[in-house]
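In the two assemblies presented below, subunit A is common to both, partnered first by subunit B and then by subunit C.
Up next, the complex of A and B:
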């Protein structure tokens, strides 16, 4: 290898792998999405846009789009808000910062599959810790706090907690079609907000102190005013990034659904990654799986391009 | 009287502690149940460690063990079963093989490429860099299906190769290293060339040592992602237990488990989660740096 051909040798393997592993699959998925291809059955028929039409009309797939949308639109705003909230609180502490940071970051490190199984156990309808605790709280101070009966115009017996206590009926969580998707969302938020917190903490260290003092001098007396006028705008680039990465991650939710609900009950947790897995891998409907893959890629590319656009527009002032 | 700023500090801690309790809850459940006997788990008693009274394993009796051989302390029973019921050691070893191979190949491919993109002049450099930027947009999980079909066509599913190949190219690693190498002064490289070093040895003997901090962060990023990954192994490994990674092993355990096996299952979960958690505790700053690497641009 002479020094003149060196670049070729250095770049060659990477380029080859990019083509084979990242770019070719998109083209293959695009092609297969117009067929009824299945493995072991080489004669694939061209079916035109039938797979895509199914995604738009068939109830299984509209449920898929619905549960994916619910998941993303719940997990992203809440985990971003909690991440920001935790970062602001921790950043203003005098002591104990590192301890909270460590604790909130733990779920990010732990294998989600393992923790999902633990959550399932904690949420077990009869022997789970969550329902046990809720039941134990009935008739105590905890109930009077959480049935909101002390608020004006709220009848404690008719609130969710009051009701559950009165009938001693607590949700089945993952097995209840009204609760399953929210429970999966909760685990997603639990797992992801620490990551957002760390990114926000890094963003906060980038805000010059003088700016805060200047704002205070100029009459931004309350903490809220300073947040609105200085901190929030300065965190603009961080927020764009945090929202993007949270969105892409939540679009890809799979572990919790596969291990805990298998898309059910009655397809209420049938998210896209799980649909790809079930249709293509388990049922060998590769054409359909490829079409979902393409729809998925379009969503993800769209989010990333919006992010790039916002970054180009310079949402930062620093 | 308590000064106002103490009250302010106080409610902040109250809120954060409440959050911390919810965050820790499943870790507490996992660890606690990995210590307890099935009866204690069912009745939800015994505090954190359980009473650790001797218990009899009914299944062991059914298959003909004597009463003495089948009596255990719950904690010994749970962790013992975790290893004996399934080849957990094998799973852990597989996890190690897969994550380390992925990382080493990623570096072997990305480092020379990043060096060439940052420091060498050649035709098509901008094109290659544009390709890297485009590929940064593609989440590998999203294209799992066509990758699976390709691997199936060449007969590679159910092999270590299938677990490793899709991750051998890390465009993120290339991008990161290129940005890093841009900051390395040209003089250093010129001096190395004067000394008669080949370009290849410049990559490994000059550039690599300067990049150690960035590489370490990238290593953490890569190892954490692939040790915990469940989606890809689930797709390419079907049935062949010898290839199971730790999350797959745990999932299999859950599939077979009935009520009396929650203890061993939680022990398995603990064993799988512990290595990274301990490493994180020991080198927090580095880990946070590594995991949030993708946030620094």
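Up next, the complex of A and C:
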């Protein structure tokens, strides 16, 4: 073995594995996306960019992109903000930190599919505790607070809660096309923000105490000023990581949709992962499934590239 | 806030106590820092000096006692309202801001209103432009004093240790505080730069004519820079005086041991009924007024000499164990009484040249230099010095 071939032997296994289990499948998927291949068929017809044209034009796929966009753009900012807020609050505690950490982290650890079933019961239109609770609140102090009638220029009877109470009509959380995607978003946030909180807590421990003291000596009197001057900039790398991870996880949402709505009603919760599953596996339209997968890949790649840019350019100061 | 201009900004600490959980780290500290002086709090790590500094700064709250800055009692006044500036060991520069922005920060936070500090639109608020102009002028002036103008646009990550040190000083200086608090600011620098910065800090102190309170564990820094130094150990101030007096006239054994490098020689001796001090079987001429006890006689390395010929002042014969060559001086480490006691003697290179390992040498002491410490570590005075003290008083 000469000195020249030695390096090839060292990197060979890793490169081979990467080719076989990562690169090759992507190339094959890319190739399949230009065909109408179905599992079991001997051959496939080359259809050119027809699959992609469908994604761009067909209303089913427009809805898919729309619901995915709604999900990602709702869940990412809210779960990141809640994660940061919870981390800051927990970090300021003297006692009971571990208790709160555990409570907020529980949904992350729980199997999402099992939790989805629990939510299905809780959100059941007639026997679910969510609607039961809302109905029980009608006509009590709860209604007078949450119909916002006490705010100036707000008529309590015309608000959402006032209206629902008056007609005794509470939403079908998972069956109503106005509510379903938001309910899925809510469960996504509930499930995900604990993870962000833990990442932020780790980030907070990395902020030197002396920097906080320097800010105090420099005249940063309010917590908000210290947050802006020290905490937020120092959490920059954490934030980039948290946003990236949350975005990718949000693009991947599948369990809750499969368990609760199956993409419905009227495809309002037809997110990308579910579409891939439905097209490629359930309907055996491999070509179409592959095309959606490639679009999915492009989105994730884009997020990753943005992250790389931010990490290298903006948030690492050393 | 404008105490600085009135020039009466003495910082007075009275009966400061502080405990962390069960451990008492400060045991009733009384200290007055004069306006414009360079006061060093020096002591081994864990003696409470940093805690004391942070109590003055307001970053820590004392359990009891009070802090007064000028006429103002500042207990319960938060750090940002005490008008003090602090330089931290890690420099604590904001890593995402350039040196200029770092130096601007204390000015922005103090002088600009909330509206003027708004991002983007703040600079267009009424009065903001004028203030910003004054602020950048102040930054430019400070940068000129510290010779860091070429660094203003850089981020702290692009600076060397010494440059960061200056930037941190600049941030502290720019708003002309009542006093500067420094928490081991030179510890993170390499040895050569540390020695250089000592001179610069003393120079800066002279030029700013402002109060410096400086915490260090390095007695050399304390000796070289301070107007006065407070030696702290175990949560107490053992002695507060000028560096030369602390060195020449330590109040007790722990101070004597801590100050001076190499350490003072402490040799065990006896004190008899008549006040006569016996050391290595020979008695000293001067007498001590104290009850008979075992004592320690302190002799600094420069107060001992080696001599070949028998002279009157020699105290003991010793064996050469080690040479510590500093170029200008050679410190000889000698063993006495078969190695039961060791002695360090300062010698010039010429007279130590002919010595080699294991040689027997006679050690003599400079007359009048010995200090006597009692069993409890307290300094026992000689009779003559007591008289002298009385005459001076």
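By our rule, the second predicted complex is superposed on the first by the 298 of 318 C-alpha atoms of A that agree within 3 Å, B and C clash if a C-alpha of one lies under 4 Å from a C-alpha of the other, contacts with A are read in each partner's own complex, and residues count from 1 in each chain.
Operating definition for what follows: a contact is a pair of C-beta atoms (placed from the backbone, for glycine too) under 8 Å apart; a residue touches a chain by one contact, two chains touch by 3 or more.
All values reported here derive from a predicted model rather than from experimental measurement.
Once the two complexes are overlaid through subunit A, subunit B and subunit C fit side by side, free of any clash as defined at the top of the document. Touch criterion met: A:105 reaches subunit B, while subunit C stays clear of it. Superposing both complexes on chain A places the Cα centres of subunit B and subunit C at an angle of 90° as seen from the Cα centre of subunit A, in steps of 10. Which of subunit B and subunit C touches more residues of subunit A is settled by the count: it is B. Of the two partner chains placed around the shared chain by superposition, subunit C is the only one that A:236 touches, whereas subunit B remains out of contact. Of the two partner chains placed by superposition, only subunit C is touched by A:213; subunit B is not.
Of the two partner chains, subunit C is the only one that A:225 touches; subunit B does not reach it. Contacts of A:276 after superposition on the shared chain: subunit B is touched, whereas subunit C is not.
The superposed three-chain arrangement places the nearest Cα atoms of subunit B and subunit C 14 Å from each other. Under the contact criterion defined above, no residue of subunit A touches both subunit B in one complex and subunit C in the other. Across the complex, subunit A meets subunit B through its residues 1, 3, 6-11, 13-15, 17-18, 21-26, 28-29, 32, 39, 82, 86, 89-90, 92-94, 96, 98, 100-115, 117-119, 121-122, 127, 129, 132, 190, 194-195, 198-199, 202, 238, 241-242, 245, 248, 252, 254-255, 258-259, 273, 276-277, 280-281, 286, 289-290, 293, 296-297, 300-301, 304. Contacts from subunit B toward subunit A in the complex involve residues 9, 12-13, 15-16, 19-20, 22-27, 29-30, 33, 41-42, 44, 109-110, 112-113, 115-117, 120-122, 125, 128, 131-132, 135, 137-150, 152, 165-166, 168-169, 171, 174, 198-200, 203, 224, 227-228, 230-231, 234-235, 246-247, 250-251, 254, 262, 265-266, 269, 272-273, 276-277, 280-281, 284, 287-288, 291-292, 294-297. Touching subunit C in their complex are the following residues of subunit A: 208, 210-211, 213-221, 225, 229-230, 233-234, 236, 317-318. Considering their complex, residues 54, 57-59, 78-81, 84-86, 88-90, 92-96, 105-106, 109-110, 155-157, 171 of subunit C touch subunit A.
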